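One chain, subunit A, appears in both complexes that follow, with subunit B as partner in the first and subunit C in the second.
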Partner chain A sequence: MVDFVGKDILRVDAFDKALGSILYGPDQNIEGALWLLAKRSPYPHARILSIDTSQAETIDGVVRIFTAADIPGENSFGIIPVTKDQTLLAKDKVRYIGDAVALVAAYDLKSAKEAVDKIKVNYEELPAIYDPEESLKKGRILIHEKGNLLCSSRIIKGDIEKGFSNADIIIEREYRTSRLEHLSLEPEGGIGYFEDGRIVIIASTQNPHYDRDDVARLLGLSPDKVRVIQCGTGGGFGGKLDISVQGFIGLAVYHLKRAVRMVYSREESFLTTAKRHPLIMRYKTGAKKDGKLTAVKVDIIGDTGAYASYGLAVIMRATVHATGPYEVENVYVDGKMAYTNLPWCGAMRGFGVPQIAFAHESQMDILAHELNIDPIDIRLINAFKKGSVTATGQRLDHSVGIKESLYKIKEIRDKYSWSKKKGERLGTYIGVGVGSMWYGIGNTGVPNPSTAQVELLPDGSAILYTGAAEIGQGSDTILLQIASQRLGIAIDRIKLVRGDTLYTTNAGATSASRQTYISGNAVMDSIDHLEDILKAEASEQMDLPSSELIVKDGKIFSIKDSSKSIDIFELVKICNKNKVRVIGEGRFDPPTIKLDPETGQGVPYATYAFASQVSRVEVDTFTGFIKVLNSASAHDVGKAINPKMVKGQITSGVAMGIGMALMEEFVPNKTKSLKDYYIPTSMDMPEIIPIIVEDKEPTGPFGAKGVGEPALIPTAPAIINGIYDAVGVRITHLPANLERVIGELLKKEGA
Partner chain B sequence: MRLPSFNYLEPITLTDALNLMEEYHGRAQPLAGGTELLPRMKLGLTHPTYLMSLKEIHELKGIKSNKNELYIGGMTSLREIFLSTLLQQKFLAISEAAGSVAAPPLRNMGTIAGNLCQDTRCFFYNQSYFWRRGLKPCFKAGGNVCYAVPGSKKCFSVYQGDLAPALIAFNAKVRIEKKGSSRIIPIEELFSGKGEKPIVIADDELLTQVIVPIPEGIYGSSYRKFRLRNALDYPLVSAAAFLAIDSEKKVKSVKVVLGAAGPAPVIVKEAEDILKGKKVEESAINEIAEAAYKRAQMVDNLGLPASYRKKMVRVFTKRAIENAFNSIK
Partner chain C sequence: MRDFEYIAPKTVKETLDVLDEYQEDCKIIAGGQSLLNILKQGLMAPEYIIDIKNLEELNYIKFDEKDGLKIGATTTHRSVEFSDTIKEHYNVLSEMERHLATVQIRNWGTIGGNLCIADPTGDVAPPLLAMDATVIIANKDGEREVTVLDFGVDYYETVVGPNELLTEIRVPVIPSNTGIAYLKYRIVEGDAPIVGAAVAFTLNEKGACKKARIGMGGVAPIPIRAEKAEKMFEGEKITDTLIEEAAKVASEETTPIPDIVASAEYKKRVIGVYVKRAAKLALTRAEKAAN
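Let's turn to the complex of A and B:
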C-alpha cells in the first residue's frame, strides 16, 4: 500500500497558487458590486456628539451611508464569547484612532472617498491613556464602562518563598516587547451578495464559522441566514481571526440586498486590525549552583489596546507558559491585561508565547552565564521529561521531545564549531545563542472541537468536508494526506470541500497550531465512523457479524477467512442504490481541564510541541547592525505528516522571528505602512537548518501535534542570547534595533 | 493603490522626445525606469497629465569610453552599471553604488538618469492620500508648514540617491538637452540644495548622459551605504570616497561625498586639505570623519532618529575612505 503520511506530497494548492488562479480577498469582484469604505475616528478617545451625513449623501455615486443606528442586532463583536466589547460602527464613543463611525456604499471608490471626507462627526475629545500600567491605576478615566482591566490570570504551584530561600542565585529582570503587525501577503477584503434568502460573504478569513455567527449576531439573524465562504487566503498569522470587512459587508447586504465589495488598503489594515500584544514581564528566577531551577515568579502586564479581541487568551497562554519548558517546583505567575487608547491587539502567531519565551529564555541565558554552565546544558538540566509536572499541575506522560531537540541543536553547534569569536571586519563580533520553547496545542483549558465528514462515492472517489481554513499553512494538504492514508485511495481521488458554512461544519479557528492535531483527529474519527457504516453494510452482504470484519486496502475482509472480502466501493454502490449516502461524521475535542481561577491548576492543553534553536549572529559594534549568519531549529512535532511542509513552517518561523527580534515595531501614530514598518527581506536571511524531532503523541493523528506557531517562538530568544554571547550586552526590550544595540553598547563602554 | 489616469507618449528618438517636451510646454513628464515616479503617482504625490516613456530611445542606453572619458547613457540600467567590468575595475564606487540600490528587480528597471533625478524624501511627506488628507500641506507639498521641524521656514526632506555621491567623487558631469541646445554641468550643480525642489532641470530639459573623466595614475574608490536591511532600503547615511596616491603612497587627490545627509549630496571639502600630500593614516581619516559629521544636516524625518544617523556619518565616512584605500592594487 502506498503511504501518504510522512511523505513530501506536493501541496494540493501549489499549481493554482503558482499560476495565480486562486482569487484572494482583494481579488474578489462581482460586476456592479458597490464599494464600501469606512469613516474612521481621528481621535484616540472621544465622545460622539453627532454624525451628519446629509452633505455626503448628496454626492453622485453614493448609494447609502450607514451608522450605528442602522445595525439591527447586537452592535458588539469579539472572538471570545465573554468579551465582545468592540462595536462595528461606534455608537457613543471612539476608543482609538481608526475606530469606524460610519460606512459608505457607493458605485465607485472615488465617490466613496469623497463621501467619507464629507461626513461630519462632532466629537468631544476625552483624555486618552497610552500606558497599560497608568490605565490600571485607580481614578483614571474609563475606556470601557466595566473598567480598564480586561482580565487577569494566575498560576500558583508550590511555595514561592521557600523556592527562593532554597536558591543559591536569584536573577531579577524586566523585559518588554513591542506591538507588531501581522503583514499578511494580502490585506483584508471580500465581497457579499444576497442569494436564496441568505447573506453570502466571501472573504479572507481564518475562521469562517465564527465570522458567520458574529455577523448574524450583528444583524439579529439566525446563523443559517448568513453564509460565509473562505476565499484564497495568502496569510493570516492571527490577524484574520477577528472579523474585519465581513461585518461591514454583512450590514450593507442586509439593507441593500445587492452585491458589495470592500478591500482594506495596506494603511487601513495597519491602522485598524489586530496587533501583537506588547507585554511587560517582570521575572524573578531562583536556581541552585548546579543550575537546577527552584522558583520562578513572574508579573505580566499586557496592553490590549482599545478592545479585548483575544486579550484573555493571550494573557492566559503567557502565564501558563511562563516557566518555559522546564520543571519548576515553586511557581507564582500573575498576569493582567489592560485597555489603552491605542490600536487593539489580538492573536498573532504564538498568542503571547513568543513574548514570554523571550523573557524566560533570557533568564535561562543569564543563569547559564552567571553559573558558568553551557546554555544548552542548563536547559537539559531543567527540561521537562516524561512524568514531569507543569506549573498548572499537569503531568506530561507522552511526547515530550524537548531534550531531544536540545541534543539535536547541540550536535549542530559542536559539529560546525559555532562559538564566540571576532568577526572579519574590525569591530564585529560573532556570538551563538540558544532558545527553547514549549507550546500547548489548541485553545487554553476550554472545549475547542473540530468536526469533519468524509463521503464515499460509487465511482471510487471520496469527498472530505472540513470547515478548517487554509491560510497558507497547509491544512488542505495535511487533512487530505490523513484521509488518503486511512481510506487507501490516492490524494487526487479525494475532493475537498472546505471553509463554506453552508456545506461544512465548524472546525474551529485556524489558530493555536490546532488544525493538524484537532481537525486531523476529526478526519480520523469520521473515517472510523465511515468504517463502522461500511462494516454494518458488509455484515449484511457477507452474512457475517461486523465484529468479524476489518477494513484494509480498500476492502472489507473477514478476520477468520481472508478469502471472504468485498470492495468498499461495491458497498457504496449498493448503499447509493438504496438511496443511502455513505458518509462518516467525525468530531474531536482535545481533553482539557479548565484552569482553576485562583490557582491556575488544571490541564490547559492535551499536548504540547517543543523546540530548541541555536542561532549564530554577528554584531557590528560601530553601527549596532546585527546579521544572523546561521540558524538551526529542532522541533518536536510528534509526527511530520508532510516533512517538507514542516520544514517550510520552521524556515518561515525563523524569518518572522528575525523581524520580531531585530526590527519590527509598530509605533502607534507613527507607523503607517511598509515604508516605516520594516520586515526582513530575503537578503537578511541566514542559513537555516530545520530539524524534525518525532516523539509521537498517542492522541494525535498518526502521532502528529503542531508546528505553525512553535516555528516562530525560539528565534528571537536565540538571537538575543547570541548578541549577548558576542558582545556582552543584554537587550531586554524587543526589537534589538540599531539604536537599542548601540545604546547598550555605549552604556557598557561607559561602565 | 492604483495609478491615476494619464496620457502616454512613447518617442523612439531623442529628437522626437525633445520635440514633444517643447510641444507640451514642459507638461510631458519623462518616465525612465519608473521605479521612483510610479510609486509617487500611486501615492498621489504627483499627477502628470502626460507620461513620456524613454524606454524605446535606444541611443540613450549603454556605456562607452575613450581614452579620457566614460559615457553612460541616461537610460542605462543600474544592473548594467553594477555588472560592467570596466566600472568594476576603474570606477568601483559607481558600480558599488549601482549595486546597492533597492533590490535586483528594481535595478533591472531603474536607470542612472532616473536615479540621479529622484526627488527628496521625508517621513511626513511620502505617505498615502489616506494619511495625508487630514493634514495641511507641508512645504514639499506646496504649503507652508513643516511636520519634521515644527516652526521651520523650509523643507528638510532628504536626497537619498545612491549614484550621485559616487559620481561626484569621480568629478562626473551630466549632459542636459532641450530642443536645439545642449549643456554640460558638473553633477553637483544638478542639485539646488532645497528640499522643496531639489533638482535644477527645467521642465523642457532632459538629462541624457553622464560623463565621467577617467582618472590618471594610482587610485581607488568606494561607496558605503548604511541601511536597516540588506535590500530595498534607501540609504540612511552613505559615503563615497575617491583617493589617488603617488608612488610614495602620498595622497595626490581625495574627494569624499555624503549621501542622505541633507537635501543634496554633501561634499566634505575639508578632505583635500587634511589628506593632500600626506599618507593615509587613521588620525587624518578621523579628522575627515569629524568634518563630515559637522557638515551632515539631519533632522528626525527618516526611519531612524537624526542623532543616530549623524553618528553613523563618522562610521561610514571612515569606512568609505578605508575601503577606497584598500581597493588600490
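Let's turn to the complex of A and C:
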C-alpha cells in the first residue's frame, strides 16, 4: 500500500494559491453588494451622550446607518463564553480609540466614508488608563463595570520558600514584552447575503463555527439561521479568531436582506483588531550549584487592553508554562490580566507562551552564565523526561522530546563550531544563544473537541467533511493525508468539504496548534466508525459476525478465512442502493482535567510539543544593529505527517520570531500602518536549519502532535541569549530594537 | 482619497502649459510610489493630477566626457540600476539603486520623483550631493539649473515652483583618482534608510585628499552635506584617525527629526558611524582608482 503519512505530499492548495485562483476575504464580491464602513471612536475612554446620524443619512448613496439600538440580540461578543464583554457597536461608552459606534451601509465606499465623517457623536471624555498595574490599583476609574481585573490564574506546587532556602543561587529579574500586530497577508474582509431564510457570511476566519454562534447571538437568531463559510485565508496567527467584519455583515444582512461587503483597510486592521498581550513577568529562580532548579516564583501582569478576547486563555497558558520545559519541585506562579484603554489584545501565535518563554529562557541563560555551565547542558540537567511531573502536577508519560531536541541542536552547534567571537567588521561581535520551549496542544483544561465525517461513494472516492479552518498552516493537506492513509485511497480521490457551517460540523478553532492532533484524531475516529458500519454491512452480506471481520487494503476479510472477503466499495454500492449513505462520524476531545482554581493543579493538556533552538547573532556595537546569521531549531512534533510542511512551519516561526525579538512593536496611537511597523523580509533571513524530532504521542494520529505555534516560541529567547553571549548585555524588554540595544551597550560602557 | 481630474500631457511643452494654468491646484505624478500614499492618507487633495510617466522625452540616460551624466526625470530607478553607462562611470548610483526599496517600486518609481517628493530619508540625494550634481527645472518660459544642495527647502519641500517641472539630473564628470561610496542604515532590506551617508574622495598625486564631499540623508529636514567635516580632509592625508574625527564633526552638523524608529540622538550617533564606514570604503576605492 502507498504511504501518505510521513511523506512530503504537495500541499493540496499549492496550485490554486500559486495561480491566484483562491479568493480571499477582501476579494469576495457580489455584483451590487453594498459597502459597509464603521464609524469609530476617537477617544480611548468616553461616555456616548448622543449619536446623530441625520446629516449622514441625507448623503446620496447611503442606504442605512446602524447603531447599537439596531442590534436585535445580545450586543456583546467574545471568543471565551464567560468573558463576552465586547460590543459590536458601542452603546453607552467607548473603551479604546477605534471602538465602533455606528455602521454605514452605502452603494459605494466613497459615500460610506462621507457618511462616516458626517455622523455626529457627542462624547463625554472619561479619564483613561494605559498601564495594567495602574489599572488594578484601588479607586481607579472602572473600564468595565465588573472591575478592571479580567481574570487571574495561579499555580502552586511544593513549598516555594523551602525551594529558595535550598538554593545556592537565586536570580531575580523583570521582563517585559510589547503589543504586536499579526499582519496577515490580507486584512479582514468578506461578504454576506440572504439565502434560503439564512444569513450567509463568507469571510476570512480561523473559526467558522464560533463566528456563526456569536453572530447568531448578536442577532438573536438560532445558529442554524446563520451560515458561515470560510474563504481563502492568507494567515491568521490568532488575529482572525475573534469576529471582525462578520458581526457587521450579519447585522446589515439581518436588516437589509441584501448583499453587503466589508473590507478593513490595513490601517483599520492595525487600529481595531486584536494584538499580542504585553506581559510584565517578574521571575525569581533558585538553583543548586550543579544547575538543578529548586524553585521558580513568577508574578505576571498582563494588559488585555479594552476587551477580554482571549485574555483568560493567555494568562492561564502563561502561568502553566512559566517553568519552561523543566522539572521544578517548588513553583508559585501568579498571573493577572488587567483591562486598560488601549487596543484590545487577543490570541497570537503561542497564546502568552512566546512571552513567558523569553522570560524563563533568559533566566536559564543567566543561571548558565553565573554557574559557568554550558547553556545546553543546564537545560539537559533540568529538562522533562518520561515520568516527570509538571508544575500543575501532570505526569508526562509519553512523547517528551525535549532532551532529544537539545541533543540535536548541540550536534549542530558543535559541528559548525558556533561560538562567541569577534565579527569581521570593527565593533561587531558574534554570539550564540539557546532557547527551549514546551507547548500544550489544544485549549487549557477545558473541553475542546473536534468532529469530522468521512463518506464513501460508490465510484471508489470519498468525501472528508471538516470544520477545521485552513489558514495557510496546512490542515487541508494534513487531514487528507490522514484520511488517505487510513482509507487506502489516493489523496486526489478524496474530496474535501471544509469550513462551511451548513455542511460541516464544529472542529473548534484553528488555534492552539490543535488541528493536526485534535481534528486529525476526529478524522481517525470517523474512519473507525466508518469501518464499523462497513463491517456491520459485510457481516450481513458474508453471514459472519462483525467481530470476525477486519478491514484491510480496501477490503473486508474474515479473520478466520482470508479467502472470504468483500470490497468496501461493493458494500457502499449495496448500501447506496438501499438509500443508505456510508458516513463515519468522528469526534475527539483531548483528555484534560480542569485546573484547580486555587492551586492550578490538573491536566491542562493531553500532550505537549517540545523544541530547542540555537541561533548565531552578530551585534554591531556602534549602532545596536543585530543580524541573525544562522539558526537551527529542533522540534518534537510526535510524528511529522508531512515533513516538508513541518519544516515550512519551523522556518516561518524563525522568521516571525526574528521580528518579535528585534523589531516588532505596536505603539498605541503611533503605529498606524506598515510604515510604522517593521517585519523582517525574506532578504533579512538567516540560514535556517529545521530539525524534526519524532517522539511519538500514543494518543495522536499516527503519533502526531502539533508545530504551528511552537515554531515561533524558541526564537526570541535564542536571539536574546545570543546577544548576551556576544556583548554581555541582557535585553529584558522585547523587542531588542536599535535604541534598546545601544542604550544597554552604553550603560555597560559607562559602568 | 478625494476625486481629482487626471491629465496626461503628451509633451514636456504641453506639461509646462498645463502646470502654468493650474499651478497650486495640481500635483505631478510620475511613478506614483510616494504621491499615491500621500493622497490615500488625505495629506494632499489636489484638483488635478498631471501624469508625466509616459513622457518619453524625459526618459533617458546620456553621458559624454565633457558634460558628464544626464538623466531624464522620468527614468525609473530600475533603468538607472541596470544602465551600463552608469555602472561604468557612476557605479555608486547603481549600487544605491540596488538597495532602494523593492524591485516592484524600482520598476515604477522615477529618479526625478524621488528627489521631488523630498523625503529627507530618500536614497537618491546623498550620492548626488557627494558628486556635486545639479538639476534642471523648467517652466513654460525657460529653465534654470539648481544644485542638489540648494534643491531642498524644508521637510518634503523643494525649490520647484507650482508652475515648474524638474526635467533632468546632471552629474559632472568624476575626476580621476576618485572613490565614492554610499551606505544606508535600515532595519530591514528594502526599507527607507534611517540615515544614509555618501562620501566622495578625490586624491591628489601625492595621495592626499584633494576634494572631499559628504552627503547625508535622514539627519535633517532636507538632505545635507557635512561641509565642516569635508574641509577637515582637504589637503590632508586621509587616516583612520582623521576619518574618525571628521565623522564626529559630520554628526554634529546634523539636526535629525525623531520618529517612531529612532530618536534624534540615535540618528546623530549612527550617522557618525555611517560617515566613517562610507569614508573608509570611499578611500579604499579612491586609492584603487589612483593605482
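As a working rule, the second predicted complex is superposed on the first by the 751 of 751 C-alpha atoms of A that agree within 3 Å, B and C clash if a C-alpha of one lies under 4 Å from a C-alpha of the other, contacts with A are read in each partner's own complex, and residues count from 1 in each chain.
The rule is simple: contacts are C-beta pairs under 8 Å (C-beta built on N, C-alpha and C of every residue); 3 or more make two chains touch, one makes a residue touch a chain.
Small disclaimer: the values here were computed from a predicted structure and weren't measured.
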In the superposed model built on subunit A, check whether subunit B and subunit C fit or clash. clash
Touch test for A:E268: subunit B only (first), subunit C only (second), both, or neither? first
Classify the contacts of A:E739 with the two partner chains as first (subunit B alone), second (subunit C alone), both, or neither. both
Report for A:P42: first if it touches subunit B alone, second if subunit C alone, otherwise both or neither. first
Touch test for A:Y678: subunit B only (first), subunit C only (second), both, or neither? both
Just checking: does A:V389 make contact with subunit B only, subunit C only, both, or neither of them? Give me first, second, both or neither. neither
Mind working out whether A:D117 is in touch with subunit B, subunit C, both or neither, as first, second, both or neither? first
Touching partner for A:V667 - first (subunit B), second (subunit C), both, neither: second
May I ask you to decide whether A:L629 touches subunit B, subunit C, both, or neither, giving the answer as first, second, both or neither? neither
Per the definitions at the top, what is the overlap between the subunit A residues touching subunit B and those touching subunit C? 622-623, 625, 663, 675-676, 678, 680-681, 683-684, 738-739, 742
Subunit A residues touching subunit C - in the complex, by the definition given at the top: 110, 622-623, 625, 663, 667, 670-671, 675-676, 678-681, 683-684, 738-739, 742
Sort out for me which residues of subunit A touch subunit B in the complex. 42, 117, 265, 267-268, 622-623, 625, 663, 672-673, 675-676, 678, 680-684, 738-739, 742
Can you list the subunit C residues touching subunit A in their complex? 3, 37, 185, 187-191, 194, 260-263, 266, 269-270, 273
Touching residues of subunit B toward subunit A in the complex: what are they? 1, 103, 123, 126-128, 130-131, 133-134, 226, 228-233, 303-305, 308, 311-312, 315
